[in-house]
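For reference, the structure discussed in these notes is given below.
Labels A, B, C and D are assigned to the chains in the order they are written; within every chain, residues are numbered from 1.
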Amino acid sequence: MDTPIVILNYKTYLESSGNNALNLARDLESASEESGIMMVACPQAGDIYRVCESTSLPVYAQHIDAVSPGSHTGANLIQTLIEAGASGSLINHSEKRMELADIDEVVQLCSQFKIKSCVCTNNLATSQAAAQLNPDAVAFEPPELIGTGIPVSQTQPEVVADTVESVKAINKNIKVLCGAGITDGDDMKAAIELGADGVLLASGIIKAESPKDALLDLVSKI
Amino acid sequence: MDTPIVILNYKTYLESSGNNALNLARDLESASEESGIMMVACPQAGDIYRVCESTSLPVYAQHIDAVSPGSHTGANLIQTLIEAGASGSLINHSEKRMELADIDEVVQLCSQFKIKSCVCTNNLATSQAAAQLNPDAVAFEPPELIGTGIPVSQTQPEVVADTVESVKAINKNIKVLCGAGITDGDDMKAAIELGADGVLLASGIIKAESPKDALLDLVSKI
Amino acid sequence: MDTPIVILNYKTYLESSGNNALNLARDLESASEESGIMMVACPQAGDIYRVCESTSLPVYAQHIDAVSPGSHTGANLIQTLIEAGASGSLINHSEKRMELADIDEVVQLCSQFKIKSCVCTNNLATSQAAAQLNPDAVAFEPPELIGTGIPVSQTQPEVVADTVESVKAINKNIKVLCGAGITDGDDMKAAIELGADGVLLASGIIKAESPKDALLDLVSKI
Amino acid sequence: MDTPIVILNYKTYLESSGNNALNLARDLESASEESGIMMVACPQAGDIYRVCESTSLPVYAQHIDAVSPGSHTGANLIQTLIEAGASGSLINHSEKRMELADIDEVVQLCSQFKIKSCVCTNNLATSQAAAQLNPDAVAFEPPELIGTGIPVSQTQPEVVADTVESVKAINKNIKVLCGAGITDGDDMKAAIELGADGVLLASGIIKAESPKDALLDLVSKI
């Protein structure tokens, strides 16, 4: 995982679904090329193939189910997502929380299939717990700030710094991202200065008048 | 929904994932053309776009989440699945059971977006309950027979007949499918003779040496 | 189930937990005796035994799990709740929604063990669906009004009347309760006049300065 | 938590429900008195009050929901379970798995209310993750051995030893229990010799002809 990294969670907004998912991927791609900063798109499962076809961005799934091939109607099988083009996945996002044993299983599946795993967490203790599972990254997002535009990196700097330090004390190879309320260049600069390896964002970019300009602004101060 | 209808639930078998999903769709397509019987593919969300690109079959999702556009990381939004090409969905499959209020919401979403809804049920009472929600179809599958090769249409004929009658007494426009253990021409013939409008199947076809031959055999006696 | 009936869902308020659950049961008991109206307490599982010991009220569970005796750590087994004194249960409350097949299973368990089943629903269609499962009662509660004090019986009278009529058209022996926002005598009077057999309530009574007075007011106009 | 400790998960067996829960508690109590080994009963929520009334054993809940007082119909509120007599709880049992954030929340609630928290885990990595949440105990149970009578302490000794060492390296105050297949004195002796502070058991004792004799045998070799 090259860092600093910007991961854009598409969620299920209309602005980031279907054809809009492709447009957004192109914005990410040109912002990434212009800035030289690694950017990743996380579209819905139904859009992964199309997004991968139309860009050279790394594309992560929003969720992988803790299942092996078999009778699991409605599940997202890791093999299918990889064949569609995914090279990583968010795991345990606060809107798709998972049982501890399942988080562990999906992190192991990602490692076995050599794709990136990014476990989302809600506080210091769960970030340390997630780190014990050896994912590629931990993305710390206080749920109460998600979608608010109140940047965790500026309002809870000590928690971000503690999380970075604690996760890296467990395994220094784990990247630490921070999310929730991150919108502009100052927010991202603050995150990086606190030791974070990148940011996880969503509505602040997706709902921006020009997502590409918002992305360029985001990385303008690092 | 043209009937008799054969719906093939791809589940998450490797034999029906990724490129194999496309091959299977071609088998379905040629079996449908040769027999004149309507056949539907239900691939995983990550494969819907590719399957729709490569065939002219109707394609249903295996599951739709009861959400509207917004912050629902990891969910399958109906708009996205439709844009990928889905023209219907299984709902409440026994491997992806849903809360009653969510079944109702997804049936309503399908109706609003003019795609087909097929609610899976496990017995007579839940089939009648599902019928009250006015889906396009109810697919009755006793869970204890799923994946066994023991055909419900031949071992529980009275239950199939009762279910057909009861559902149509509530709303005669609802199609009734039967599933679980359906594999060959005799099983499907028995289902149709009991009043069913079609069948829902999975492993019996997907794991067959030649899925196309198995499909042609399936519809050979009706 | 004697009607008109008042069912008080204790939820997990401190005002209705532990010793407070006993006090509230005594309030219900004396309000029931003074008014002659059947009242039922629904405390948490951990309080059922104590409430049953200290009053002669009918006591319902808030939830029963769809399990048989065996390895189900953390579940509420129907046999245990009955031995603690429960003579009925809420099923599928909007704060504890259940899968359709599980609602059916618990309704059947209640019938088999001869205790009362009251399935909660959120609209007309799910009320009709629930009625197909043959519970003793259906309690219709629009989720958007729960806890608001905006009485469904006065703001959505036509929906209440339609629900009563539709459920009884399916099975005239099913009692229809209405809930959400019901607080005072006018609300209950409106419900009964619309054909409801009773009401399901919670915070309006539990958080009242004098729950007993609030209960007496509730039934004062019928 | 005094050690060595024997925690008996009552699950939802008829042999450990209602009046049988009381009988079993008396067996535990006398086995504990005769052997001088700390024993804990984990009955269903509906039986906690009665078990606490009839013995002086420590009693743990099987599960606590991650909720605060309020509108949570059907949930087990920690305050209610404590008022019923619980002095601890199992958390995240393999039959009642919880989301990571909820495990963390319930461990914190237990700490805040000064009752014991015992987080169940399924392998080494999830045991280390659980240890990061600072519970009083971690109980390691490989799911594939639960209920089999194949004792983890004798068939996977290296995994038990690794788990003990790893958890205590994170926080030496955390007790490590081992479970799954533990039935007799040799199984418990093996567990203790591998560094475990106690055992978590269920069917091996509950289904024994004489639970008291089985308990005395269990602790006979330590």
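FYI, contacts are C-beta pairs under 8 Å (C-beta built on N, C-alpha and C of every residue); 3 or more make two chains touch, one makes a residue touch a chain.
It should be emphasised that the depicted structure is a prediction, and the values quoted were computed from it without experimental measurement.
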*Please give the intersection of the contact partners of chain B with those of chain C.*
none
_Quick check on chain A against chain B: do more than half of the interface residue numbers occur in both copies, making it same, or fewer, making it different?_
same
*Using each chain's Cα centroid, which is most distant from the centroid of chain B?*
D
*Interchain centroid distance [CA atoms averaged], chain A/chain B, Å*: 34
_Whole-Å gap between the CA centroids of chain A and chain D_ = 36
*Find the geometric centre of each of chain B and chain D from their Cα atoms only, then give the gap between the two centres in Å, rounded to an integer.*
43
*Multi-chain contact residues (two or more partners), chain C*: 94
*asked:* According to the definition already given, which pairs of chains are in contact?
replied: A-B, A-D, B-C, C-D
*Which chain A residues qualify as touching chain B in the complex?*
9, 11-14, 17-19, 21, 44-50, 62-63, 67, 69-77, 79-81, 83-84, 90, 93-96, 146-147, 202-203
_Using the touch definition from the top, list the residues of chain B that touch chain C in their complex._
92, 94, 97-104, 121-123, 125-126, 128-134
